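Across the two complexes that follow, chain A remains constant while its partner is chain B and subsequently chain C.
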Partner chain A sequence: MNATRGVLSASWLKGNGFKRIVTFSTKAHAKEITASHQKHIPSAHTPTGTSDGRKSVIPQNYRFIYPEFLPDPKVEWRNPVREKLERMDMLDRRTKIDIPEFYVGSILAVTSSDPHAAGKVSRFVGICIHRDRCGLRTRFILRNIIDHQGVEVRYELYDPTIQKIEVLRLEKRLDDHLLYLRDALPEYSTVDLNMEPEFLDENAVVPINDIKVVLRPRPWLERWERQNLQGVVNVDQYITDKQRRQAIAHEKPWEKYDMMKQYRATIPEEEQKEIYAEVHSQLHNLEIQRKRNKRKRSFVKPTKLA
Partner chain B sequence: MNQADVSKLMSQLRIAVKPHRNLRNPDGPEGRLLKLRKTVTALVKHERIELYYNRADEARGYAELLISNAIRYGDRHKATMELADYWLLEKQLVHKLFKVLVPRLENCNYSYTRLYKAPRDYPGMYYRKSVLELRGNPYPTLVTDFTNNRNLIHNVLLDEARKDYRRERLAELANKIAAESAENEKKAEAVSEPKITEQVVNSESKAELKGVEQVEKV
Partner chain C sequence: MLRSLIVDLSKLRLCPVVVTQVREKGHLTRPRLRNPYWFVRKERLARDTTVTPENKTFLQEVIKDKYGPPALIKGIPSYDQSALIKTEQFERQPWHEKARRCGLIARKIGQYPLWLKNGERIRTTLLQVVDNHVIRYIPPQEYQPAQRPSVVNLNKYGCLLVGAESVDPSTLTKEYCGLFKDSGVMPKRNLGRFIISPEAAIPAGTPLNVAHFRVGDFVDVRGKTVDHGFQGVVKRHGFKGMPASHGVTKTHRRPGNIGGGGEKGRVWPGTKMPGHMGNRWRVAKGMRIWRINTKYNVMWVQGSAIPGPTNGLVYIYDTILPLRKHKTAPPFPTAFEEELEALTGGRDDVWYEDVHDFKNETITFQPDKN
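Up next is the complex of A and B:
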């Protein structure tokens, strides 16, 4: 009964840290910059495969546009083979359906197949309040208010039953999550079901919506006063003195200096570069195709004059 | 925790990072960080310390991150200076970090610290002990370095290869010198025989040379 316990016990797992075979030069970053200026130094070690001091081909903001390609940083769950297979599957799915760039605060419309709906297709429009997980399990929650009832639907980004994902409005907000919309006035979560997509200029920076939300009176679902939310106006209005004191007591000012905690919650820069170098060419091709399709849509065939 | 945090870019650590470890402390997480700060300060001050393994492994990560941030951003960067100020409790060690350790370790391709196993205290507190040291410290090495042992096979082969190479180069040099000396002898022989005609020849050649020089000058 206890024979297998020893083999797979937590202590054994803790003893073996995640050992990663380093396939790139581990020179300090500062030295890489100076080295790239000297042309005779062989740069075969750079993971991007560039040479002679050229800037790296991969855009810097890939980690914001495609954050799901980065694996879960938890050391016990890292498995390079599984991660590689997942990335291959993610790219396969992206060739079938256009999965656009979006952030928390963007307004999306998702068309998915539903066996119980008339026409077997259901479309839901909502504001994205949360993005979760990574890899093929990436999820996001869309929120809307329909018939005075708040409705949230959680979709998996790489779900094969999803037929179409459209971004109706692409924007960012001041916070990483908008879960406080559940305790906010309904006007902040209402999205028109027949909304038309709004287009941004190509290569424009994603706008940040500065809107500050007004909360309903307590009780709330979470202790918003302890979370340092930038996008909420009236947290102070509904809090008692005791809660204010408790919020201050629960603050952790030392976490700012806890470097190992931050390190364990991130994927290091060199590894990020490697991962995005792997998937860059295919993602770039998909982006080009998407732009081409956009132009085709807006192109109106000229009618023959009489 | 299930999504990698992309807001901050951190350099890869060159040590095996173990999962989160609960270093218990009566003052909670703040006390744990204070104890680790003392450990890191002692490491930077003495450059070699002996302590229990768990705290050594944890402190190693913090020390490596501190040094890698100092190398990457330098001391003009406000956040790095604040970090060094927080972690090094003695303020003169902040100067040591940026002025001594950074130039010493910035070209290092591997980890900035080394962690050895130390003998455990038996009978008594049988916890795992370890020695944590900075690379390039002035003390004699703890582990005997056998890489220069001439009897190891790779060193034997390399020494022989080195000897062969040197033998070749010397032979080449010797041949070269021999060839040069042979030429010089020939020249000397050729010069010594016709002494009388040589003066005439020399004067003629000198005139030619002068003529050539004049032409060149013009």
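Up next is the complex of A and C:
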């Protein structure tokens, strides 16, 4: 694409060629990403000034709250008209259902229409262990332990059969995904099905839960020792010397210096701004609507039990 | 030389009727492949050394004076559908079931899911009709192509030349620009021909847009598949290959045996072997149109396996599958003002009745009665 190439060269000329926002981090430098998350969050709802002196009204944290509005960075798959139509459809859906801010590690309850369920409605509570893809295909996995059996449900965020998405606990974890909970002890992915939502203060920083999970002994589903996981305490306990040596051999410490790889894996900051400028007003209205609803809910009298 | 000598000698003979056998290769050297007249060199060799910036701006002004503003502004057509139709030389005829309509030239712009009203998820491909105009109609008497397309009773059908995507004419050759002179439209980057019945003829200069089809119609989409280059059997034909270890040497992705011995001791024709993969014309047949956007000229077509890469060119036809052909009259020969109004009713987006509009409420199912 000529446009992206032009943007790259322009930014090179300006001398800020490396000021890129990483939306999908790679494993090798997960630490830096979490650090940058923490750095950005305090400036959450404060609008920041742009280089030309005017104040940008688009909050800086939109790329973390609404990551699915950014298209797939693969150049061969991009098309501006398709992306625009997709964003319009996403906003249309968001006017019908409140899709809250959530992250990998948050605890969610999803109520969806199910033609096979008893009352044609099913509700599932679990911890979000994975969130991937973009646009209308965005999806996430909820995991819970039910009757001593690990259960995972993969939902599509924009599926019109989803009736309600509630965030019961809003928090982040140390890793980009929690797929290793499949190999961890069951208490780490057990969530109470009747859990009450925990309300965070408005404008509060999303807390990072630095809990370290304990893995079960091998065999594992993946080679967790090679993935530089921050949220696991005992990877070293179960691997042999040979596996340890191989993990070191498979490390790619140079990838964090690979600017081209980073460029290909991300949407440049200028394009992100364009995209969020397009959807900002509608998203902002939806946020105001949500706040109003929340206030209404807080005045509801508690119902008398028994 | 030899031939003329024989002829001269034969003139000397007394016998009046002479049959001279001439054994030359003349019948082989005549050109067997004659391309259609619109296959002319497109790009002009750029010699910009003598052109000043003032010259360039002047050229752009001339182009704008002649053809008006650019046809597409941010993906939205800037022209009026009715403005270019020359109705005085054109009489619309009623549709009948045997009629062959013209098709469209589109770009595959990507794919994303839609949902049906019963909650089912469908995968759709988005095709954008890119600035199509009719360039010329060749009636059946004049249309005698050297390479005959495989159409039954070809002599009954005419040919409609359609162009897509306007380009700056100063980058093109004079011959190529000449093709567009009669239609009065800006020269196009892509040309396609459609075999149509004479009733479906459209006068040159008419813009074609996505309303040429209706939601719920079935279309055939023809495109050139992604070029994978020379590939082995595992990628090309989905062979399993052989194990990576356990003593296997040098045969991990090889085909293995390719034939028997004895009487059948040869490689049979059609044996799956390595070779070039992709870059072939393929047709995805009988794809339903789920949704149409008339503002951006986009249609959502069933399936994610439409041939070609994203941003690749495809050709859209009425389907040839007998059970999915038009039951009622489609816009014939193409959608003009009144059809466009009837189709959209003022809306940009037209959804098929089974598809869930994202503007509608969440899908719910009614509990069973008993």
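Convention: the second predicted complex is superposed on the first by the 246 of 306 C-alpha atoms of A that agree within 3 Å, B and C clash if a C-alpha of one lies under 4 Å from a C-alpha of the other, contacts with A are read in each partner's own complex, and residues count from 1 in each chain.
As a working rule, contacts are C-beta pairs under 8 Å (C-beta built on N, C-alpha and C of every residue); 3 or more make two chains touch, one makes a residue touch a chain.
Bear in mind the structure is a predicted one, so any value in this text is a computation, not a measurement.
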By the touch definition at the top of the document, which applies to A:Gln163: first (chain B), second (chain C), both, or neither? second
Regarding the shared-chain residue A:Pro268, is it in contact with chain B (first), chain C (second), both, or neither? first
Could you tell me if A:Glu76 is touching chain B, chain C, both of them or neither one (first, second, both, neither)? both
Return the chain, chain B or chain C, that is in touch with more residues of chain A. B
Which of the two partners, first being chain B and second being chain C, lies in contact with A:Lys120: first, second, both, or neither? second
Name the contact category of A:Arg93: first (chain B only), second (chain C only), both, or neither. second
Quick check on my understanding: which residues of chain A belong to both its chain B contact set and its chain C contact set? 76
Residue ranges of chain B touching chain A (in the complex, touch as defined): 1-6, 8-14, 16-21, 29-30, 33, 58, 61-62, 65-66, 68-69, 71-72, 74, 82-83, 86-87, 106-110
Interface residues, chain A side, partner chain B - complex: 13-14, 17-19, 22, 25-31, 63-64, 67, 70-76, 131-134, 252, 254, 257-272
The answer for chain C against chain A in the complex is residues 75, 109-110, 112-113, 115, 118-119, 121, 126, 128, 293, 296, 298, 309-311, 356-367
Residues on chain A engaged by chain C in the complex (per definition of touch): 76-86, 89-90, 92-93, 95-97, 113-115, 119-121, 135-137, 156, 158-163
